[in-house]
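Read through the structure below, which is laid out as structure tokens, and then see the notes.
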Amino acid sequence: MLCIGCRTCMIGCVVAHEGKHIFEVDPDGYDFHPKLKVIKTFNVSVPVQCKHCEAPACMAACKSDAIHIVNGTVIIRTEKCIGCKSCAEACPFGAIQMVTLGSARNADGAPRSVANKCDLCQDQPKGPACLRVCPTAALRLVKEEDLGQTLKNKRLATLGLALGAEAQKQAAIGA
Amino acid sequence: MSMGVHEIEDAALLFVFGYNGADSHPIVARRIVRAKQKGAKIICCDPRRIETARIADMHLQLKGGTNLLLVNALANVIIEEGLCDDDFIEKHSTGFEEFKEVIKKYTPEGVAERTEISAGEIRKAARMYAQSGRSMILYGMGVCQFGQAVDVVKGLANLAIMTGNFGRPAVGIGPVRGQNNVQGACDMGALPNVYPGYQSVTVPAIREKFEKAWGVKLSDQPGITLTNVPHHVLHEPDPKKRIHAYYIMGEDPAQSDPDLAEVRESLEKCDFVILQDIYMNKTGQYADVILPATGWCEHDAVYSCCDRGFQKARKLIEPTGDVKRDWEIIGLISKAMGRPMEYTNTVQIWNEVIDLCPGFMGATDEKLEKNACIQWPCRSKEEHDMGTVFLHKDGKFAHPDGKAKFAPSEWRPPQELENEEYPLSFSTVREVGHYSVRTMSGNCRTLRNLEDEPGWIQMNPEDCGELGLRHGELVKVRSKRGYCITRCLPTERVKKGATYMTYQWWIGACNELTIGNLDPISKTPEYKYCACRVEKIEDQAWAEKHVREEYEEIRANMGIQTKGGRAA
Amino acid sequence: MTETYIAIDQNLCTGCQECTKVCPNLAIEGLPHQPQKTNPDKCVRCGQCVQKCKSYVSIAEHGAAAYARVRKERGLPDAFKEPLFAAHFFSRIDEVKKALADPDLFTVVQCAPAVRVAIAEDFGAPLGTLAAGKLAAALRRIGFDKVFDTNFAADVTIMEEGSELIDRVKKGGVLPMFTSCCPAWVRYLELNYPGQRQHLSTCKSPQQMEGALFKTYGAKLLNVPPKKLYSVSVMPCTCKQSESARPEMKDSGQRDVDVVLTTRELAWLIKDLGIDFQALPDEKYDSPLGDYTGAAEIFGVSGGVMEAALRTGYELLTGQPIPAVDVTAVRGTNGFRHADVQVGDLTLKVGVVTGLKHVKPVMEDLKAGRLDLHFVEVMTCPEGCISGGGQPKLICDTDAGEAFGNRVAATYEHDRGLPLRKSHENPSVQKLYADFLKKPLGHESHKLLHTTYCGDPKHH
Amino acid sequence: MPSEFGLFVSTDIAKCSGCKACEMACFQSHNIKRNNVGKTVGTISVPVTPKLYVTVIETASMPVQCKHCENSPCKAVCQQKAISRVGSQIIVDEAKCIGCKDCLMACPFGAIALLPFYVGGRQAPQADSSGGKVAASKCDLCYEDPEGPACVRVCPNEALRLTDVNEERKKKNIAAAEALAVINAGDPGRRALS
Amino acid sequence: MTIKRIQSTCAYCGAGCQIMFTVDTEKNKILEAEPAPGRTNDGTLCLKGHYGWDYLNDPQILSKRLTKPMIRKGGKGSPLEEVEWDEAVRYTAGRLAEIKAKHGPNSIMCTGSARGSGNEANYVMQKFARVTIGTNNVDHCARI
């Protein structure tokens, strides 16, 4: 509801991964491959990105041992990726995009195309860049404890509702 | 804007009319979203389902070109159902009776068919606006860029006056001005009819004050507007009124004026054209002399933001190349013409400005230096006067009698409606990642990566289906005045029969299509409405190659050593 | 149980169960992805599973040597190069080759109407190419002493079955009468509706009639002692072999038909003997037991037997020739269709079933007495014998529509091309009755050409 | 607009019965001209050499076939340069293949097999060795057949599908976005500011 | 390497966001743009605020920084030639004076700029038009 579709997060993601030098180098000298993508439908504008599943379909589909869970985050080591696209096909969210790298080359000189997806800015000290640059704070990092807390809050709310309903019923009976 | 940007989130109801915050001012859109979070009601009137519409409580998806019908109908309901703030009208306004006479004709049922909004919705919206307690109107180019623009602005103002939504926190009416210093250019009197501080050139007392200050006899005849220059160069019968020289600073009419074919012709025919800018642009192709100036971050300056806030922009780096500051260049030329006008720095100029303008008196350099943002009027130089957040406090208005004036007007349709040959309506809209003519954002690496030539034309999926168009396909968009090539973007956010094109592109230059029909008073062109036709391009390979070649040619014209090695 | 006719190779079957979907009598059992097994006591030997099965001996999966091993197991000649599939029928080429090599055996062969519109496909001809002449030439090149034609017996069947129908109608016999030329249908009825056996026509199938005539009438004409006469039949069907082995099929004094080859086996034999089928000239089938009319040829398609019977029956009943020779009302491919045919003052109600899964509702109506029909033709295979289990096997089932369509068209085209198109006009049939059988349903006919389908289906 | 990344045939494992109709169709479509294979099994005079390999276990089955990888290991290791990219697909030139088996080892999916190479009904001669020529055999997506992959057309259970990974992603993105709309709607915390 | 942090106002849309720039004065390069606590932007920035400043090092993506005064010496349509400032000023002033003399002050049109130039430049431009040229023909793209 908070996302206004401005896509600042997409550039933030590239800058966080490619580094600040891209603002000086030749405009075609770096790879612009955001790891999330803002989708606009009739009902919603929102970035779609990897959910870091607990039993990732992409990891199961990968035959090149390139996808692993590294302390809770699903990481693709692109240097091992052979571009077989199985992970992209397996991901039900379409969170994995095949991208062609500008400089990297295969053994036979052909350009490399690898699987590209959110890595939660694994190596960034301040955590996910998209979250930091979003003007309306629409993005939120859901850690395990947050999940727990959210569930707890919802259950308390449910209990509250139930109590309220019960009290009303009593009142009705009483009146 | 009569109120401050930060007040937007405190409004009880936001009446967003013809303004797409998400694409034009993401930070203002942020305030709209926060207002929603704080429980505000939002009514969004826009022919497209823009982001604000998505979170609005009511989205009046009106047919393009019917703004005044809707505004007058809302006023009609407010009067009819007795929702006016009679006390405020009685004390702070004039002309209410004539206003009621005109408005009587605009019943919701009468306008429903043409605006494509049901009478019930119009009634409900009017009630919500009138009864919210703190209603704030935000409007943008969706109101201003029409043949009938000023009347609609007055219509919206009428709504605010009749419901007393003025002179209090988080109310009023706000044109969210587009560019970073468009408010400043007006404040500084870069207008044909006013000196700095909106002091009219036709009032003898004011003219004498400036004559004394500048030591020269001043002309009492208002000048012509930018949009009339092509007329005065090409078609002006009276030789005395013809324009022969065009000194352009920081503008690119050859890209941002409507009906570019006519603009190009006028630049060719005008005897002497000067371009003073930081980047080569389309106008530069016709300039007789190029004067390179310093860009933002290469000089100190004061900008006025959209809610009348003066703020400092500071010099960060030394400029590259043999360039001078704008006012330095003008000073040199003025001196060479026998009228020295030399300044050492911007503070000296700024002090001269605030001495001449009572409303800006208090916005001293000392205050601004402390990163303050002073919204004029700020009349006293004392520390405590940090400007005025909202105007018309206690119902005081700028008219001589201190009262607001009701100004009713009759609706006029746009000049060029859809027809047999051009069956779709066409409107220009903004691309969030780029800005105006794109000489700045178009040369930023990541902004270019996100979105690049030839831009997109948003169309209803049904229309795309009929024309056999798929997402991303290059298409030719044609109007009576010209054509351009862009990519097709089918989206349900657009109604059938309407098309919307982002205007920042040089290849997908939608101003080749727009019509020069000007608002009689503001002289703003009718960018938001003309008729067009979209044609499928069978040979996509040719089209893609054509776009690439066109892009290279533009870069060559702009002086870039392209692979082709040719530089203008 | 004696030798089986259809089997599924346990090492090749991937358990895809596509065959179970086409089996008309749920005779294939097994868990998914496990090897499937045929249940001989339920299998009606129609061979549709053999047509469907795509699980072949693969070099990639079973290794290079596997192919030779399985080919040897199935007794196929070394020159055989076609792919071998899990579901297969047992080949009898060796028996035929032994008989041909035996100097003191007089080998006689008959071939079914549907064979001639499909055999050429296995030699690269387009689907449904009519090759009647080449087929006769090929059989001579193979070395058969006499090349006759099942179509002759088809005409005889019409005479017998037509008369039987008229007899049942006139004398209030058991109605409706079902055709009995499809052995798989006969076995299906014996297994599932033993109580309705009396509805079956007592006529033998054209193959069995021709076989019986070979060893009696034929032996006399050729003055060859019946014992020395070896009767071979070429059929589009994998069930005909089991029909020939039925205990009651010995009315000629010995087994009427000694061995049956499928169309595919004939093609293997032709290739094994190095005969270039496509280069063969067109030849005629030997007279008289090889002469046939158009009515006999259309036995190969669904509704063909019915149309042939009506062309002759009409004349037998009214004495007048049937107004339209092409009885299109009974043609078509959908599972069960019926029509009313005005034969003089009798409104003959006829029905045609193709594909056994469509016969169940008909039988339920029959048992409930709701089946208001006089004469019903039943064929087991999807579009009649042209789509039989022994016909050339399609590589892709997506070509089935074109293949069956072309074979049906070729059959009707052949019918239209023949001078005589009604069974009773066949001069050799008239001579047969004059010299030998005297009259339809006569004593001789009953002895040789009719049977009571006795015995428990379980043990044959 | 041609696909940016290689198309490939993917299997819906819930529908595949393991019947190998795809293998037969694949063999046929590649041998009509080369070994004059007709429409019936009788016209086949050479061993069946498919380019996809149905694999069956107790609980499931599927044809394993080439994914046309973007950084294809098989193309990278083929010293004979017999494997090349044609458009976005990876194609093996069987005539050039010398059967060194490197691509078989490099392919992580086992999508390449070494099978006899028959032309005109006879196994192509190998320079001197007694056995005939063998060649790497893998899916070429029927790139010369205007009607597209034969296996997809014949599968009786419609288990095979030609996949363009970008087109699929777009569809899935929209669904994922709509899902997020539902999640946001239900989450009061996201809506109100304290 | 001397790093300075300077706060400035964004030059793109009208919201007037405050940006904290990190500048390497020695190399004369902008390193980074971060949000500053301005009244309107409240510590946030949009994509143009965050990443809209690297055009200053002239990457020549769409067009080229103007670095030298130029004059079309051969008249309309002839190529632009680089000249020194005094020649450009003399030429411009001369042509303007000539046109003013021939066609009167109202035959000259000046424009202010709603973009990067700033208020001071607009004030000087309108003063130049009204004082030096003697016309009120001064406008800017507020209306487009």
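Chains here go by letter, A, B, C, D and E, matching the order in which they are written, and residues are numbered from 1 within each.
As a convention for this text, a contact is a pair of C-beta atoms (placed from the backbone, for glycine too) under 8 Å apart; a residue touches a chain by one contact, two chains touch by 3 or more.
Fair warning: this is a prediction, and the values are worked out from it, not measured in the lab.
Chemist: Work out which chains are contact partners of both chain A and chain E.
Modeler: Correct list: B.
Chemist: If every step must land on a chain the current one touches, say how few steps get you from chain D to chain E.
Modeler: The distance in steps between these two chains is 2.
Chemist: Please state, in steps, how far chain C lies from chain A along the shortest route of touching chains.
Modeler: So the least number of steps between the two chains is 2.
Chemist: Among the chains, which one keeps its Cα centre farthest from the Cα centre of chain C?
Modeler: E
Chemist: Among the chain pairs here, which one is joined by the most contacts?
Modeler: B-E
Chemist: Report, in whole Å, the distance between the mean C-alpha point of chain A and the mean C-alpha point of chain B.
Modeler: Each chain reduced to its C-alpha mean, chain A and chain B end up 37 Å apart.
Chemist: From the mean C-alpha coordinate of chain A to that of chain D, what's the distance rounded to whole Å?
Modeler: The separation of the two C-alpha centroids amounts to 31 Å.
Chemist: What is the distance in Å between the mean C-alpha positions of chain B and chain D?
Modeler: From the centre of chain B to the centre of chain D is 56 Å.
Chemist: Centre to centre, by mean C-alpha position, how many angstrom separate chain C and chain D?
Modeler: Between these chains, centre-to-centre, one finds 41 Å.
Chemist: Name the residues of chain E that each touch 2 or more other chains.
Modeler: 29-30, 44-47, 51, 53-54, 57, 59-61
Chemist: For chain D, write out the residues touching at least two other chains, lowest number first.
Modeler: Where chain D meets two or more other chains at a single residue, that happens at 191.
Chemist: Touching at least two other chains at once: which residues of chain C meet that condition?
Modeler: none
Chemist: Looking at the complex, which residues from chain D come into contact with chain A?
Modeler: 4-6, 8, 10, 67, 69-73, 75-77, 85, 108-109, 163, 165-166, 168-178, 180-181, 184-185, 187-191
Chemist: With touch defined as at the start, can you tell me which chain A residues reach chain E in the complex?
Modeler: It comes out as residues 6-8, 11-12, 15, 20, 23-24, 26-27, 133, 135-137.
Chemist: Under the touch definition given earlier, write down the residues of chain E that touch chain A in their complex.
Modeler: For this pair, the touching residues of chain E are 29-32, 44-47, 50-51, 53-54, 57, 59-61.
Chemist: With touch defined as at the start, can you tell me which chain E residues reach chain B in the complex?
Modeler: 6-18, 21, 23, 25, 28-30, 36, 38-42, 44-49, 51-72, 75-76, 79-80, 85, 88-97, 99, 102-132, 134-144
Chemist: Chain B touches which residues of chain A in the complex?
Modeler: By the definition above, chain A touches chain B via 1-2, 4-8, 10-11, 14-15, 22-23, 27, 30, 32, 40-45, 135-136.
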